[in-house]
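See the structures that follow.
Look for chain A in each of the two complexes below; its partner is chain B in the first and chain C in the second.
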Partner chain A sequence: MRAYYSTRHVLDRAFSGLGYGSVALMALALVALLGPIIGKGLGAYWFRGTVEFRLFVLERFHRGNAKKIGIEHREAMRAREPFWAVLRAFEAEMESDSALRRRVGKDYHRFQSHIRELLGPIPGDSPPLLMRQQYGQTRWDRALVKRHQALHIEEWDYGDGTGMGVRVWKPRRLLYAGTALEPAFDLLENHLEAMLRPRWTWYGRFLTDESFDAHFFGGIWAEMLGTLCLTVFAMLVATPIGVLSAIYLSEYAPEGKLIHLLRLFINTLAGVPSIVFGLFGMAFFIHALNVTPSKSVLAGSFTLALLVLPTLIRASEEAIRAVPQAYREAAFSLGASRWHTVATILLPAALPGILTGTVISLGRAAGETAPIIFTAAVSMGEPLRWGRLLTAPTPALPWNLYNLCTEHAAVDEIRHVQFGMALTLVALVLLLNMAGIFLRARVSRQLKV
Partner chain B sequence: MSEENPHVKAREFSVLYRDRPAVKKVTLSIVRGAVTAIIGPSGCGKSTLLRAVNRMNDLIPGCRTEGELLLDGENIYAPGIDVVALRRRIGMVFQKPNPFPKSIFDNVAYGPRLHGRLTRQELAERVEQSLRRAALWEEVSDRLHTNALGLSGGQQQRLCIARALAVEPEMLLMDEPTSALDPRATTRIEDLIAELRGSYTILIVTHNMQQAARVSDYTAFLYEGDLIEFGPTRDLFTRPREKQTEDYLTGRFG
Partner chain C sequence: MTQTGKNRSLRMSARAMRWQDATRWMGTTLLLGVASLSVLAVLFIFYFIAREAIPFFLARGFREFFTSTAWYPSAHPPQFGVLAILAGSALVTVGAVTVAVPLGIAAAICLSDLLPFSVRQGVKPVIELLAAIPSVAYGFFALVVLAPLLQERGGALFRGFVWGIGIPLGALAVVMGSGLMAARLPPAWRKRGSVGIGFLLAMAIGWFLRALAARAGGIRVDSGTNALNASLILGIMALPTVVSVSEDALQAAGREIREGSYALGATRSETLLRVVLPAAGSGIAAAVILGVMRAVGETMVVWMASGNAAQIPRPWYNLLQPVRTLTATIAGDMGEADHVTGSERYAVLFAMALVLLVFSFLCNLAGEWAVRRSRRRMSGE
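On to the complex of A and B.
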């Protein structure tokens, strides 16, 4: 019983408590992080799409049943007719009542632009330039936000004297009480569904559709393809170099000061911040070697390859070293040369470990932002084309995710794209990891019984 | 078994690990086709001497030799010797069974594939013949393409013998081949050695004096790197010439 209170026991319990605590904290952080990414990210793929969405897909991508969508569109247009009639009546009223025009003319303009964002061009408008002005809201969740803006006037209340305004939404209909516009608010409130016809939509092509009008429409194909190309080429460059270096270090290198120093360099390189790799990549590959005159997939891939090389070398070297010495001796005693032993015995036996290193590097290369900022990534750009797969710059998921969240003109309007990109990136890395684990398990099973 | 034409002859042969001698000026002749046992207390240099014969010590940094070690009259430490060709003539079996993590067939075929251009048919024949010689064929003929690591320890060791035999060596080096095996598997290996005797020159290191007495024609007794006594097994065991040998055989040290 006394031992129960001994210092050692208390310390022991404290440590295991800390252990459990930190594991629980990790799990919590993971849930807190992945929850929104998955929840909101799925919203890019699965949402209530309006008739405007179907119309857009039909007109830009030529997908969908033209006849059915045509009918649906006409029905929606018919449902909007009473609303347009109210607007026309109110405009006629303003025409004859200049006091009214002075009182609400400015606000009516604002109201109109909200309506244009919600439903698309108002009949009689001249054809708009931007694609985002040619269609109404394609997503029902965004439509509800726009409706709220149309139904309310945003005001700031500075009443509490702190100088910090509080936003209040005032019903817009109060401003138009007694005018011909009044029924418009009821129509918006009660009949918007008929005007936009929302329906649950699975938009799997988000992954493979090009984007339009600065990501207001379409998918993330350019970013997807860019990340895939960068990652694949980076690994194609890094894996052979990494494995060959590991073979040299573990099987050929004479133990000595020089090799010791080399290992030290490699380990230090693994800890260098990725932005430094980015700058180095630009200075070395673009300015010094001039692999391409400016940013390109090639320069980016080389930089990423450099970034993952230390990890790759270390993992591979450890895997090769871990192969039992008995295998080497057996091979040598049978008259195998060093290289033959490496090729036929060591590499196959070390393959699971090498694969693990490759997969970890793959995930890292896919997700890194800093190394590609100066070497490969552009905010807006065409998807890569076959002929210029390597020499062109490209959008890429990590960089454009950052870009869309911070530098886009309408950050709030495209939240679903941001979360969709985040989800896709996470899923991509997860998928690559799973593939690696699966492959590793298969290879290991073949090596064991 | 002529003693005039030894298969291997050591002349004032020493092996040093970073200038520390592990085998000191050993001179002895190994008779062609006979089984020669090397016995001695732990750390006396048995493995070192054995591994010198197929130059496995080359793999150890800082290890070098002095004197001569002749295989068929040719010094295997002379400059210009093709080590790969040398190892091809001398098979080796290790203390712990060490089959590759490959199929039984691929294990046995590893050596032949390295060296010769055999047709598929010839390769299959070579594998079967080697497995038969190692007395393993009956047990594995129906699962040649399963992983070798699924065999029992004794089977694995016989597989390693088959793997060495498949290269068609003249000589087999065995470093305590039964110390990791149970008595039944040990008996099978000893029977096998008896069968291989005559066709191959066999050099076997053993800790087990009964085993040396059972399987070998000649015995060398090493002590702290020195060759104390070497001669026909029967003579060495029944009337040892040296005091140290007698002490060791009667278990007074070791």
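On to the complex of A and C.
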């Protein structure tokens, strides 16, 4: 009994607890990371789309039932009519009352611009230039944010003396009490749904639609295509080199100094920071070799190929070494040459393992950002075209995710696109990896002779 | 082997043999050539980075680069003092290692010695997935989710952290402390004594934790993108590397020494801490080195999460201030320096890359040495 409670055993328990706790903490980290990305990322695909969204899809992509959308749009316009009438009445009142105009004229301008963002152009406006001004809010969640901005005046309170202001939202209607604009606030608060007609929408074409107006509208096709091209070409370059290197290392190389040296260099290559790969790719492929005069898919693919080469060599080598020695001996005893054995016996047996390495490297190449910053990626650009698949620079998922959440002019307005992009990238990489893990599990079952 | 001629034997003609030897030699050489492409790539990387970096060092010397904190690359005349940026890289890396190494080694021990085999098969793929998530997704999380959280609810977060870590550790300290102290009392008093001492200890520790939590809760985070944010996320990113490499090392330590230790009456924790860990020491050192390399070389997370201010925090351990790292500087400044290829502003970025490259190369050598040493020790001196 006493031994059970002794400090040694308590320590032992505590130590086990520490181990379990750390694994749990890791799981927690994974959940905390993936939770928001998956949760909010799905919002890019599955959201409450307004009539403006359906109108946009119809006009730009020619999808959807034109007749039904036409009817719906007209109904929404009819629902907005009383609201426009209130605005007109208020403008007439301002015309006649110059004191009122002096008091609220500036703020009314701000109010109007909020309304334009919410519902699209106000009747009587000249046709706007930017696409984001031609349509109202396409998403109901964004529309609610815009409504909040229209209903409230944003003020900063510096009262607490730290110099760090506190944001206060003051109801805008207080400013317009007693004027003809007052009913407008009630209309916005109670009848916005009739004006925008939100409905749950599955927007699977987010993946394959081009983006419009700096990602305010549309999907992420240009980025998807760029990432696909970059990674596929990178693997086309890297796989043959990787597999042949692995064959040499596992079957041909004499044990000794040479193989040590080769391994040392392969490990060094694996340890080179990814940003250095980017610099090297720019200095070598673009400036020295001049494969293309400036950034291009080709230069980016070559750089990515170098980056995944060590992973690929190691995975392939492991796969080839895992083929039981009996296979080799059987082949040699039948008089097959070494190369014959490699080509007809070892490679087919190791193929699933090599495929696993390839698939996992594919995921790695798809997610890397730093190597393509200087060699391939541009922030705004057309999707790649057939004739210039290799020689043109391209947007790519990882780079544009960075770009949209740091350098875009309206970072907050397109959060859903950023999350959607993050989800797409993570899903792409994780699916590739899961496929790799699954393949490997099958292989290890098969090779157990 | 077509059958031509009447006089055929199993022996090949001298010509056929020469031909076969020649093709074999050519094939092997070709394969060697392909395998040496990696060697070539490494040499080329060193050459092309050094080609820009060394003229920079020759022209401006090492002193400014390594000892000045004045980083004004676009001023007239420009100043290229990289010390603050080096310090930023070091600070963020140390932070990341502080997160990743204890957690990673504890998790590796759990994986290799505590969890049943079936659970382990389930956990290992999860760790691989953690390693596979692209760094830009980690950076996005740091910038869009963690940074606002730190900025707005930093105090509450720290308070929760103090309680979350403090309560288990405190409980452990109470049990151990009371047990140890009670053992010195005369036997008749031990039971009551341990309860009393435990109560007193719990009071003291509770009071200490409350004070600490109150202090942590009062911390105000001015900017969510700071060294702490970057360190945390980098630590999580380096975790899978540390876990999988040190787990391999623990596994390689072998069953015999564990069984020997148990046979001498040691508990599991004593076996692990005093026998297995020392035996796997160099393998774990390799894990730490690889973790450090991952943290130093990472670009996107630090670019997005560290705040990018070229300054040494004051005091130097203040993780709540923004810093700037080597990788982020290269990524961020090349866009502006690119169109002035050949200028010093362009070359200084290559000089930074050379520093990174040399550092990771040295780490690699150290890691290699550690692995080889552990392998030699495992196979029995």
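Rule of thumb we're sticking to: the second predicted complex is superposed on the first by the 417 of 449 C-alpha atoms of A that agree within 3 Å, B and C clash if a C-alpha of one lies under 4 Å from a C-alpha of the other, contacts with A are read in each partner's own complex, and residues count from 1 in each chain.
Note that a contact is a pair of C-beta atoms (placed from the backbone, for glycine too) under 8 Å apart; a residue touches a chain by one contact, two chains touch by 3 or more.
In this text, all values refer to a predicted model and were calculated from it rather than measured experimentally.
Applying the stated contact rule after C-alpha superposition, one finds that A:326 touches chain B and leaves chain C untouched. In the superposition on chain A, contact is made by A:344 with chain B only, not with chain C. Of the two partner chains, chain C is the only one that A:433 touches; chain B does not reach it. Measured by the number of chain A residues touched, the leading partner among chain B and chain C is C.
When the two complexes are overlaid on their common chain A, residue A:306 makes contact with chain C while staying clear of chain B.
Of the two partner chains placed by superposition, only chain C is touched by A:249; chain B is not.
Residue contacts after overlaying the shared chain place A:272 against chain C, while chain B stays out of touching range.
Once chain A of one complex is fitted onto chain A of the other, the partner contacts of A:406 are limited to chain C, with no touch recorded for chain B.
On chain A, the surface patch touched by chain B in one complex and by chain C in the other comprises residues 337. By the touch criterion stated above, chain A contacts chain C in their complex at residues 5-12, 14-23, 25-27, 29-30, 33-34, 36-37, 241, 244-245, 247-249, 252-253, 261-262, 264-269, 271-280, 282-284, 287-288, 306, 309-310, 313, 337-339, 360, 363-364, 366-370, 373-374, 398-399, 401-402, 405-406, 415, 418-419, 422, 425-426, 429-430, 433-434, 437.
Across the interface of their complex, chain B is touched by residues 254-255, 324, 326-337, 340, 344-345, 348-349, 446-449 of chain A. Residue ranges on chain C touching chain A, taken from their complex, read 24, 27-28, 31-32, 34-39, 41-42, 44-45, 48-49, 51-52, 102-104, 106-107, 109-111, 113-115, 123, 125-130, 132-141, 143-145, 168, 172, 175-176, 179-180, 183, 236, 239, 243, 267-270, 272-273, 293, 296-300, 303-304, 327, 330-331, 334, 338, 341, 349-350, 353, 356-357, 360-361, 363-364, 367-368. Contacts from chain B toward chain A in the complex involve residues 54, 56, 59, 61, 84-85, 87-88, 91-92, 94, 96, 98-102, 110-111, 114-115, 147, 149-150, 160, 163-164, 167.
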